[in-house]
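Below are structures written as structure tokens.
Each of the next two complexes has chain A plus one other chain: chain B in the first, chain C in the second.
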Partner chain A sequence: MTGSGHEKKFDPFRSLTVFSTSVIFIFILLPLVEMVLQPSIDSLQETIRDKDVLRAIWLSVYASGLAALISFVFGTPFAFVLARRAFFGKRFVESVVDLPVMIPHPVVGIAILSLAGREHWLGQVMQGVGVRVMGSVTGIVAVLLFVGLPFYINAAKAGFEAVPERLEKVSRSLGASMTGTFLRITFPLAWRSMLAGMIMCTARAISEFGAIVIVAYHPMTAPVMIYERFTAYGMKYSQPVAVWLIFVSLVLFLFLRLVSLPQKSRS
Partner chain B sequence: MIRVDKLCIDLPGFSIRSVDLRVEKGEFFTLLGPTGAGKTLVLEAISGLAPVTSGRILVEGREVTRIPPEHRGIGIVYQDYALFPHLNVFQNITYGLRYQKEDQRETQRRIERFTEGLNLRALLNRSIQNLSGGERQRVALARALVVSPSVLLLDEPLSALDPNFREDLRKVLKELHRDMGITFLMVTHDFAEALFLADQAAVINEGQIEQFGKTAEVFQRPRTPFVAGFVGMKNVFEATFQGDKALFGGLEIDLRRPPDGEKGFIAIRPEDVVLSRESFLHEEYLSFRGEILRVVDNGPYYDVFVKVKDRVFQAFTTKSALMEMPLGDGGGVFLNMKRASFHVF
Partner chain C sequence: MKELATWKKVILGIVFVAGGMMLSLPANAASQGKVIVFHAGSLTVPFVEMEKIFESKHPGTDILREAGGSTKMARMISELNKPADIMASADYAVIDKGLIPAKATWNIRFATNQLVLCYTDRSRFASDINAQNWYDILSREGVVWGHSDPNLDPCGYRSLMVLQLAEKYYNKPGLYDLLIANRPKENVRPKSVELVSLLKTGNMDYAWEYLSVAVQHELKYVVLPDEINLGNYRHDDFYKEAKVKVTGKKPGTWMTRTGSSCTYGITLIKEAPNPEGALAFLEYVLSPDGGLKILKDMGQPPFIPCRVPTDGMKKMLPPSLQKLVEVKN
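Right after this comes the complex of A and B.
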């Protein structure tokens, strides 16, 4: 403002927004930054040379990625139906999809175990074909899929909803089948949302601890290892693993975010 | 040729009730109705894009009611163009060609024809985002026509355009229809468009067809109060008839001819109501003294609402005509209406 007469008045609401923004920002970043900065370079180097740590981080990334991939395969058609069709009980179906978000994590683990146990027929069938859930990568992936699926489905659904149905209709009228329309119209317009959904699904899965620890203490994922080192040896030994997990996740997400960013100009 | 028999569509909150339509081969037909009357739904049902509850749809003599849209050979052009935003102009136009079974040369010829005919040559490599409304609509037309549909459905194709583009595209549509000889079925809420373009028209209201016939016929002789209002006959009154006379709201109108058709309503267009300070003393005119209630400025013309006894008439007048009429304090004015201008139904 160059002219006079428009002096800034004190606005309590404006001050409040500035204040709360900075408080929240600090609240989130300060502990993280502190944790990342506390371990010495030596301890970080030592940790990353530890085969167990590498294996745990790799398992976390790999199992989470696999969960996201399975979400993509099974969740995509499902999300599409949710986005396009109105049917009786749709609200109910949508609530069911959101259930895993609300259930306490250990409960998720117990629920899955109770299905895979020897007392349950499904558990017996799985045992018959040699599928083991308890203490296995299969179990870990199953648990991660359970907690991550809602994130993928909701993001993909939002992506499909953002594609005008008219475009699909025109495509059909021009001779394309439903499959052709999905591949040539819907997917090219919604893939960024789908990828974003997979990122969120992976992120949610990587951070899972409570359910995994019930289903599979071993093989050890990174969060379980961090917990174990914390209880057994204390802060100093758990921090470097945590830093490496954060680092690997960040690199991964940054990469995926870059891929999914809309291009600035396409003319 | 399009035939729709007893088409019913039930959607949550809206339904189409037993719609019948006959569109002859090569005709330009308009389906008229206000927003929310179910026009788009009828179009989508014909092209297989909306679920049909009951009834039959025949296109070129073939029943298509249960055939998926991609096998119907019906083109559709929407008001909002519905161009594929991730494809450029050329890719949009040629989108449907891979589903056509014919040789390359023929395809190429048709691409040429429509890019030339619709003046799109210079735009082929442009992205959709950089086109004007008129250009977008021409791309949508080319995209629909290049796959040689037997029928082209147009959903308010001119409504989203600026007035000057609208006139251009109206001409384009007329020429395309003349040159291609295929059936056009257009949906619109604008009667002027229908009069300019279409041979035949049907008026739909709340999911039901109210009247259909030659466009000019519907315009001149509406058969229901709704259609009358829709085609611009703003003054519609329920009346009782005695011989040649119509009686309503304390008024008596001697038509000097037995009313044709059913009797129940009398109507006159606002442009046929002439305002004056003195009563017209002319055999052919009926004059009533009334009182001006309000005047609405519509730019090129004024809407004047005049109360005569218990009824309010609407009249159009020019600004200068209104200025030249020194209206008294009471707003007293004469309404002069030609007997022949009254329409009875």
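Right after this comes the complex of A and C.
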């Protein structure tokens, strides 16, 4: 239908693709551009000199990165098993992995807080050994891990599935151990997907608000601070923080995307 | 050609959907019979009840409630121009300062409340605490207690006022600082109602709440003397001695909140999308055998009749509301 030999003939599908592309582009960019352009340069400068703002943005980046790292450590073997093995109840396990995506965010926060409280044996154990979830970085990372994990696991799983199992079998038959095969065959072929998964996981975590604000209001992550600034001072003082968060995230993700590109560009 | 027409229809449909999403005019929300009520979090339980009864009496009307910190809700109206018909605030001063004159013209005081110290069976020292020793227990190490954010929620600065008044009332210089030193910042939450779940899950031992919240959530609570609980306007002169610094108009600036009794205010928003429906609901809320009775049962003693501060303001009220209020400052 969209072959290149028929330019002269009117093709509704082509105009539809052009049209929908521009609609989606405008739909995403219009509100963001509007927000980025609102704050004055002065207020942006003033905001980035504010220690509280820097601390909040750093906490967001740091806690989200940590969540992605933990996802990587625990999620990689799990994703590999999902990609390679067929077992009874696999569909169920996969649905469980996706659960955090659809659960309303406040529910996540409430659930984690209930576990951490003294009404629950787990909370008693944690409080006994001095682990505090409410109002702590531990709690924030726990929430971010919860909401970010599915993104990493699904991306890594897709990456593993794209690696021909044949290659792994050859490696094994030549005497390499499972670990050796993974490190020398699977990982080199799948690492881009894993990195992309970590980017998605971090991105999801940086944007989280609903669950965090229930578990920890202080210390403040950037989204919580944007909310606090909005409620306490109004839009004028919440927007610059948002702009800086968007800017920092953009630079970070752009860098990671560049790293994950193959030598000759994929585009 | 027929095929082309179908495509046109599809494209047209997408244009409409996308256009509608982008514009999403506030007017959409104002369709007949919907009354949008913004109210303080502490009014949620009685307003749910009022909504139920009112809607059963007026089947054509749909009350849409949105609860939050009063200051925030006022800002949603004044800054984001969120469409709303009615705003009910936990501190009538929020309406006076944040909505009048731009978004509202009058402000009716309709109910009261007081601060209590809430806890559960499982709170540390739950069996010992009473109106005489509460401040000793709050200053003990290991006792986790909190209040809502004074910058966002009137209940937050009022909690701090109670502590200041206690220092004076019990004649214990330094008590306020001593107590605050035992309350890490992490124990401060945006809204006081959120603290309830922290109590119930055992993440917190004690929390400052309005009496109504304690009653509605079936918490245990310590009732404090009238001189410090901010519930009795006869003690307004003493309450005035409590002063709490809260954030001002921009980060780094501050303003002072002065103690006064907890008095709820309610108003009709000027650009109300549905003024008729809103007025009908207001009449119900402010009538002694309607909303006021519910408030009484829920631990928020109402003013019967409701009050406005001046004759001038009474004259500004819609006629149907004038007969429900008296002028009393």
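By definition in this document, the second predicted complex is superposed on the first by the 247 of 267 C-alpha atoms of A that agree within 3 Å, B and C clash if a C-alpha of one lies under 4 Å from a C-alpha of the other, contacts with A are read in each partner's own complex, and residues count from 1 in each chain.
The rule is short, and it goes like this: contacts are C-beta pairs under 8 Å (C-beta built on N, C-alpha and C of every residue); 3 or more make two chains touch, one makes a residue touch a chain.
Here the structure is a predicted model, which means the values were calculated and not measured.
Per the definitions stated earlier, placing chain B and chain C onto a shared chain A by superposition produces no clash, and the two fit side by side. Once the two complexes are overlaid on the shared chain, A:Ser207 sits clear of chain B and of chain C alike. By the touch criterion defined above, A:Leu113 lies against chain C but remains apart from chain B after alignment on the C-alpha atoms of chain A. Using the contact criterion defined above for the overlaid structures, shared-chain residue A:Ser20 touches chain C, although it does not reach chain B. In the superposed model, A:Thr138 makes contact with neither chain B nor chain C. In the superposition on chain A, A:Met235 makes contact with chain C only, not with chain B. Remark: in the superposition on chain A the angle formed at chain A by the CA centres of chain B and chain C amounts to 150 degrees, rounded in steps of 10.
After overlaying the two complexes on the shared chain, residue contacts for A:Tyr217 are found with chain C alone; chain B is out of touch.
Comparing chain C and chain B on the residues of chain A they touch gives the larger count to C. When the shared chain is aligned, chain C comes close enough to touch A:Asp50, but chain B does not.
When the two complexes are overlaid on their common chain A, residue A:Ser260 makes contact with neither chain B nor chain C. After the two structures are overlaid on chain A, the closest C-alpha atoms of chain B and chain C sit 43 Å apart.
Shared interface residues of chain A, touching chain B in one complex and chain C in the other, do not exist. Across the complex, chain A is touched by residues 12, 44, 47-49, 68-70, 72, 74-76, 78, 80, 82, 84-86, 95-96, 98-100, 126-127, 129-130, 143-144, 147 of chain B. Interface residues of chain A facing chain C in the complex, by the touch rule stated above, are 10, 12, 15-16, 19-20, 23, 26-27, 30, 50, 52, 110, 113-114, 116-120, 123, 133-136, 213-214, 216-219, 227-237. Note for the complex: chain A touches chain B at residues 86, 164, 166-167, 169-177, 180, 184-185, 188-189, 266-267.
Contact residues of chain C toward chain A in the complex are 3-4, 7, 10-11, 14, 18, 21-22, 69, 71-72, 75, 79-80, 122, 149, 151-152, 184-190, 194, 197-198, 200-204, 247, 249-252.
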